[in-house]
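Here chain A shows up in two complexes: once beside chain B, once beside chain C.
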Partner chain A sequence: MISLGKYVVRNSDMVWRMVGNEAFIIDKDGTKIHQLNRVGSEIWKISEGNLTIRQIIETICNHFEITAEEAEKDSVQFIENMLTQGLVTLTDTPVPA
Partner chain B sequence: MMQNNRLPLDNECRIQIGEFCCALRFNADAGYVKSARDYFENFNSEQEPDIEVAVNLMPHKEDVTIPSSLFVNKTIDGNSFDYHNGLLKGMIDPRSKKCTIEVDFVLLGGSARIFEQFLFQLYYTLIAEKYGKQKPVRFLLHSCSVLRAGQGYVFVGPSGSGKSTIAGLSTSFSVLNDEMSLILGENGIFSVQATPFNGFFRQKKNLKGPLKGIYFIKQAKSAYVKKVSMHDYIPALVQEMVPFMGILTAEQDIPRSVMIERALDTLLQVPFYELHFLPDESFWNCIE
Partner chain C sequence: MLSITEELKQRCLAGNIPYSVLIELTHRCNLACKHCFVVPEDRSELSADNIKDILDQLIEAGTFYVGWTGGEIFTRSDCCYILDYAREKGFFQILLTNGTLIDEKRADFIKSIQPSGVEISLLGATPETHDSITQVPGSFEKTVRAIRMLVQMGVDVYTKTTLMTLNIAEYEQIKRLSKSLGTIPKILASVLPKINGACDPQLYTISWQERIKFLQGESLSDSFIPEDDEAPSSSLICRAGRIAAAINPYGDVTPCVVFPLVLGNLKEQNFQDIWYNKNNHQLKEIRKLCESELKQCASCKLATLCVRCMGAAFLEHKDFRYPSSCSCEEAGWKEYQRSNKKKENKRIG
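What follows is the complex of A and B.
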C-alpha cells in the first residue's frame, strides 16, 4: 500500500493532450497510448509534484462529488496503475515548479 | 510574401517549398539549371528567396557509393555540415539567408531523390529559423495527396504500399504529390499542401486545401474503409513523417517527442481511417 503522504509527479517524457475531459498520453517512443477516463485525467492533470496523494484524493472528492472512501479507492488504484506503467513517480518532497 | 523585384538569375532555380522560396544558384553548366527547373516544374518561383544556396558541383569519385539516406552519417561543426564524408558538404547561415554547398554531381542527376533529402532538412531549417520556439504544425509526410472538390485527402503508407498507384488512379482530380505532402495545422485547422518533391512524377498540381481525411492504405481484394484507433496509427503516422531534422541538427538530436506531439495533434483533429483498396478507382466510392 503506497503512502498517502507521497507526492505524485508526471513522467516528463510523456506527450499528452486533453481532448475534452479525457487525457491522451503517449510514451516517448510513440508506441504506447493511454486514454484516461475523466477521473484519471483529472488526477493526471494535477500530478505536477506539488500535491500528495492525500491532497489529490481530496481534490477528486470535491471535484466529482463522490464520497471520500470512493475517492480514495479510485485514486489510489489509479495512481498505483500509473506507477506500474511508468507514467508517474512518487517523491517524498514536493517537486519544484 | 512580397513580390520580388529581382527575377531569377540565369543560373538560378527558385523552388517553392511550402511557404518558402529556396534559390539554388548553380556555379556550373547552364544545363543543370534547366534540368532543375524542369525537375521542379510547377514549383518554380519568382518570389524573393528565403534562402540562397550556392551549388558547386564536384566530380564523382568512383569509389563512393551514393547512400539511400542523408539522415544518417552527417557531421556538424558550427555552421558547417558534411554528409557521408564529403558527398555533400557546406555551410549555412539561415539568419543571413545564405548557404553554400559542394555536392557530388551524381546527386543532381539520377540520385535527385537523395538530394531532395537535403532540401527536406533545408525546409525544417527555415521553419526553425522563422518560428523559433513556437513549433507550428508543419511537417513533411511520406504520402500521396489529392484535392477532390476542394477537399484534401492524404494517403499514407510505407514504400510499396500503393501511394503511386493511388496517385495514378486519381489524375482526374488534382494530385498534389504521389510521395511527399506537407501537412499544416493552424489553431486546430489542418490543411495539406503540394510539395515539389519527386520531380519524376509529372502530374503534380501546386495547390493547397483543407485536410478532410488521412487514409492509411493497404492493397486488398476488396475496397473498403475502416475506422481505426489511435493506438495503432500514431506510431504509423510518426513512422512516415520526415524526421524533424534541420541541416545543423544531429541525428541524435531529432526531437522525437515533438514529432509524436504533432502526430497526436493531427489525429485528434483530422479524421483517419484504414483504406483497403483494389488497383482501380473504386476506393473513391468508399471514401465518399
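What follows is the complex of A and C.
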C-alpha cells in the first residue's frame, strides 16, 4: 500500500492533451497511448509534484462529489496503475515548479 | 513516424480537434527550387514570441503534433529557440528542411529535441540534377552531408522527392541513394501549382510515357503532408480543416499548407476562436463535406483509388469540391498499374 503522504509527479517524457474531458497520453516514442477516464484525467492534470496523494484524494472528492472512501479507493488504484505503467513517480518532498 | 490509435483519431474527428498542425516558420529560403509552390508575401512574419504564444494555444486546442516547414526553417536565426520551446512544451515534432544549413551544431541540436522525424528534400541522385533543380551549386553535397550526420546520430530521416521531368530519369538512383544513406524515401510524382494558383511548376509534371518508362510497378507516396502510419490508401475527403491545420509565417490559419483558404489570423484572434468560428461558412462546409457533394469525384470509377487533395483542387479551381489534376493523374496511374498486374497474373496463371 502506497503512502498517502507521497507526492505524485507526472513523467515529463509523456506527451499529453485533453481531448474533451479525457486525457490522451502518448509516450515519447509514439508507440504507446493511454486514454484516461474523467477521474483519471483529473488526477493526471493535478499530478504536478506539489500535491500529496492525500491532497489529490481530497481534490477528487470535492470535484466529483463522491464519498471520501470512493475517492480514496479510485485515486489510489489509479495512481498505483500509473506507477506500474511508468506514467508517474512518487517523491517524499514536493517537486519545485 | 507517429501512429495514433483509431480511437484518438475518431475522437479528434468528432470534435474537429486539430491533432496535427503544420507551421510555416518562414517563406525565406536559401534555395530556389524550380517546382516550389511557396510565394513569399510582403508582410511581416511571426516573431518567436508570437509563435510561442501560438504553441501555448495549440496545447489548449489539443494539438499533439507540429510539423515545421517553410521556406527553409533554418534561415530563421531563432528557429532552434522555437523548436526547443516546442520540445519543452511537449509536442511531437517533425522538421521539413532542405538540410543545407544543418551543420554539426544544428545536427546536435536536432538530436537533442528528439523529433519524430526529419524530412529532407532530395531532388536528384547526382549533384548535377539536384543542384539544377535547387538552382544553388553545392546544395546536393550539403544536403547529403546533413542526412549522413543525422542518420549517424540516430535521428529518423526521410528523404522527400518530387518527381519531375527534371529528375525522373534518376528515380531508381534516388531510391537507392536514399536507402544507402539509411533513410526512408518518400517519393511523389505530383507537382502542385503555386500557392497563388499559378501553374508554372506544373510545367515539370512528368508525362504518362515517363511514368510507364520509369515507374512501372512502383508504389509512390500519396501525400505532400507528413502523415501518420494510418493514412488511408484512398480517400475522397482528407482531414484538412478537421484534425489537421496549417499556419503560415504571417499568422494566417488555413486548413492545410497547400489549401490557402484563410480562416483567420493569429495576430488578431485566438486559435480556437478561428478554428471553432461558427460564422465561418466555408469552414462549416469543409467539415460537413460528404462524398455526394464532390463534383465529379463521387461518381468517378477511380474513386476507390483516389487520395484526393482538397488543397490542390482549391488551387486549381478555387473550389475544394472539384477534382484536382494531380489526384486524378495518380488515381489513373494506380488503375493502370492494377490492370497491368491483373493481366500479368492471368498470363502467369
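To be clear about the criterion, the second predicted complex is superposed on the first by the 97 of 97 C-alpha atoms of A that agree within 3 Å, B and C clash if a C-alpha of one lies under 4 Å from a C-alpha of the other, contacts with A are read in each partner's own complex, and residues count from 1 in each chain.
Heads up, the rule we're going with is that contacts are C-beta pairs under 8 Å (C-beta built on N, C-alpha and C of every residue); 3 or more make two chains touch, one makes a residue touch a chain.
If you're wondering where the values come from, they're calculated on a predicted model, not measured in any experiment.
Contact comparison for chain A: of chain B and chain C, C touches the greater number of residues. Once the two complexes are laid over each other on the shared chain, residue contacts for A:28 go to chain B and to chain C alike.
Contact with neither chain B nor chain C is seen for A:95 once the two complexes are overlaid on the shared chain.
When the shared chain is aligned, no partner comes close enough to touch A:68: not chain B, not chain C. With both structures placed on the common chain, the touch criterion links A:20 to chain C but leaves chain B unconnected.
Using the contact criterion defined above for the overlaid structures, shared-chain residue A:2 touches neither chain B nor chain C, since it reaches no partner. Chain A residues 15, 17, 19, 24, 26, 28, 30-31, 33, 35 lie at the interface with chain B in one structure and with chain C in the other.
Residues 13, 15, 17, 19, 24, 26, 28-31, 33, 35 of chain A touch chain B in their complex.
Looking at the complex, you find that chain B touches chain A at residues 230-231, 234-235, 238, 256-257, 259-261, 263-265, 268. Chain C makes touch with chain A in their complex at residues 1-5, 7-8, 11-12, 15, 17, 59, 62-64, 90-92, 114, 116.
Only residues 12, 14-20, 22, 24, 26, 28, 30-31, 33, 35 of chain A touch chain C when the two sit together in their complex.
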